[in-house]
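Down below are the structures I want you to see.
You will see two complexes here that share chain A, one where it goes with chain B and one where it goes with chain C.
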Partner chain A sequence: MIAGLYIDGASALHRATAGIKILAMMALGTGVFLIPDWPVVAVVLATVIALYPISGFGRHIIWAQIKPMIWLLLIFFAVQLWLNDWQAGLLVVLRIAAIVLFASLVTLSTKTSDMLASLDRAMVPLKPIGVNPEKVSLAISMVLRFIPVIATVASEIRDAQRARGLDKSILAMIVPLIIRTLKMADDVADAIDARSFDLD
Partner chain B sequence: MIRFENVSVQFDQRRALEDINLTLTEKRIGIVGANGSGKSTFVRLLNGLQTATSGRVLVDDFDAAKDGRKLRRHVGFVFQNPDNQIVYPVVEEDLAFGLKALKLPKDEINRRIDEILARYDLTEFKTHPSHLLSGGQKQLLAISGVLVMAPRYIVFDEPTTLLDLRNRNRVERAIRGLDQTVITVSHDLDLIADYDRVLAFDQGKLVLDGKPADVIAKYREMMA
Partner chain C sequence: MKTKDIVYIALFAALTAVLGLFPPITLPITGVPVTAQSLGPMLAGAILGARRGGLSIVLFLVLVAVGLPLLSGGRGGFGVMIGVTGGFIFGWAVTAFVVGLLIEKLWNKLNVVNAALSIAFGGIVVLYAIGNAWVAVAADISYWQATVGAAPFLIGDAIKVAIATAACLAVKRSYPLISKAG
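And then the complex of A and B:
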């Protein structure tokens, strides 16, 4: 799911450096919160959506980004409607949609390794206070890599416990999941060592 | 050449390996033994993942106890479960991981990645999420991740255990095609049947050592 976000392409956005895209994402994230008028934010959102086909991503990809947040947006809208008015609700929804869609666009068009390399460079000034950029990058990449693996393990355990009639027991799910994850962590540490990763 | 000189490994109250003396010069070496017999500990000593409690392990000019980091570049290690060996979320990124550790230039990294992907018919999966590969493809990716680093020796720790027959055969062909010295731990006796030498371990001791036909026949009797 998360690890599969990058889609290969040759668009201008794909060719742009990860650092520029991350900076643009930060600027857009800050910018939309400084704009008080919903029509202006709507134009920003429309521009972000227009970048999808320009970058080679079809309608189904746009929908795949919007679909998971629809309920959240509706809740935000309802709360604002109740506390303020429909314009305030629309403004919040448009802001969040613009930020999420642009962030998705960045991850869709940027390889994890390029993103992490930019992060590495950005963290270099923090070295004197003990931050090791390579360690941070590796940790982030491993989170992305192992989310689907742990989800698969969880699914296997759920099936096994269901077969034993323990599908309602949280303990029967959590305990083997933790044990297998810890064992996996040991094995992964060995594999990283074996591949010459230097932690110093 | 690999040399074990009076090597023992002790874990708390349990002796995992006991007084191993051995010289290995063959190109294909198989290791067999029941679970907990010490065979995995034996191979982990080869690239410094495990250190000996007493004795010395020498691989060419490297002393495993002193030259652990250098040794890991000299001796590659492929684990049983590729899911635990693939570190990066995308195929090409995972292959680049070890190469970056070698501080190679970007062009050389890309050249090696393209070459290894072509060798194992994985080119079309270059930008593919690694978790979506099949079991066999994942194991080939794990092998590729080790091979791109051009080690002199490669250790396989039960490489076919989790695979179906078709993928097991793919991995067997991949191992057979290697130029490096190969040390394979396996319960799959067919995999090592044509190797140059096979060692059998039992309760931390080297109990059989010789040609595959003899060792495997005796090992089958032992396990009956």
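And then the complex of A and C:
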């Protein structure tokens, strides 16, 4: 199975339920957009950053969350500096950093299985509008099984096309990949039906 | 929804994840990275149609949200999804749905031109409308400025539209799924 982004720990944040953390994330995300003052958002960001060591995540983990967005943040700061002033730039950058760092914190401290469990609970009230939790669970487990299978089929096709001198062509790769895996999907569906898996 | 539909939905969610494993190509001069992953929503819509295609991308996004590193470059989790480029990620579900809707409508008279236009509309026009609006809000800039900032990525997306069009027509010839669904 594919490893999630979860990092093990025993902090209060790790123990909090996934649902609470997601609600907190939504509240924080909405909150920082309503606050127009950069010093307040700076305090929010400082609090979020402080939660990392409190939850047992070291400096390199914080950096790993910031690194992918650093260029974008610098560009946004420069654009605001050019259009407005440095306070506006700071507000935008602090806001995005606070939201992204908190959201990453939720992902880092929540097991994928716990997320899926709260997803199951969240789907129950959606039953009347046609959402079937069993179907969703079946689909999720199939995706996780299909990913390595498709990756294997893809590398087989790449080898075959290399022998034909077509290994540089994405199309020569993608069309056989889709058709082969669609045939496989039909077999899987037949196998599920043959075992009378009841979906309704 | 039949078992087969659920398996197809799962298949295209997985295919989108696998497309994220291909290393990104960096375009010359501009230095803009182009990943194969956004081919996934275009293909899902063009091959499965609106409903199944849209749901397959929703399923993919659910798996990213629960913390699996399925986005290109091994990214995932809430941080990327609600970050600055989140609109482009959520927009994929709409892309798949819109592309699927147009391809379904044109199914019996599908050709290179109208297939390419359908995929470009869903995969570029609609996706950028959502993605740029999100960037504009997040960065507190105007919609127009966000659009200018996103322009360098159009080259890569044009290439992907061409690939998705060719793949959609080839799959239609050998393994049509949309007419079967009726």
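Everything that follows uses one rule, which is that the second predicted complex is superposed on the first by the 128 of 200 C-alpha atoms of A that agree within 3 Å, B and C clash if a C-alpha of one lies under 4 Å from a C-alpha of the other, contacts with A are read in each partner's own complex, and residues count from 1 in each chain.
The rule is short, and it goes like this: contacts are C-beta pairs under 8 Å (C-beta built on N, C-alpha and C of every residue); 3 or more make two chains touch, one makes a residue touch a chain.
Quick caveat: nothing in here was measured; it's all calculated off a predicted structure.
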item: Touching partner for A:194 - first (chain B), second (chain C), both, neither; value: first
item: Which superposed partner A:43 touches (first chain B, second chain C, both, neither); value: neither
item: Chain B versus chain C as contact partner of A:76, first or second or both or neither; value: second
item: More chain A residues in contact [chain B versus chain C]; value: C
item: First (chain B), second (chain C), both or neither touched by A:6; value: both
item: Partner chain in contact with A:138 - chain B first, chain C second, else both or neither; value: both
item: Contacts of A:112 with chain B and chain C, given as first, second, both or neither; value: both
item: First, second, both or neither for A:61, with chain B first and chain C second; value: neither
item: Common interface residues of chain A - those touching chain B in one complex and chain C in the other; value: 2-4, 6, 111-112, 138, 142, 144, 149, 184, 188, 192-193, 197
item: Residue ranges of chain B in contact with chain A within the complex; value: 47, 49, 69, 72-73, 76-77, 79, 81, 83-90, 92-93, 96-98, 101-102, 127, 129-132, 145-146, 149
item: Chain A to chain B touching residues, read off their complex; value: 2-4, 6, 8, 111-113, 138, 141-142, 144-145, 148-149, 152, 184, 187-188, 190-198
item: Interface residues, chain C side, partner chain A - complex; value: 1-4, 6-11, 13-15, 17-18, 21, 36, 39, 43, 47, 59-60, 62-63, 65-70, 73, 75-85, 137-141, 145, 149, 163, 166-167, 170-171, 174-175, 177
item: Chain C-touching residues of chain A, taken from the complex the two chains share; value: 2-6, 22, 25, 29, 33, 65, 68-69, 72, 75-76, 79-80, 83, 88, 91-92, 95-96, 99-101, 103-104, 106-108, 110-112, 115-116, 119, 135-136, 138-140, 142-144, 146-147, 149-151, 154, 170-171, 174-175, 177-179, 181-186, 188-189, 192-193, 197, 199
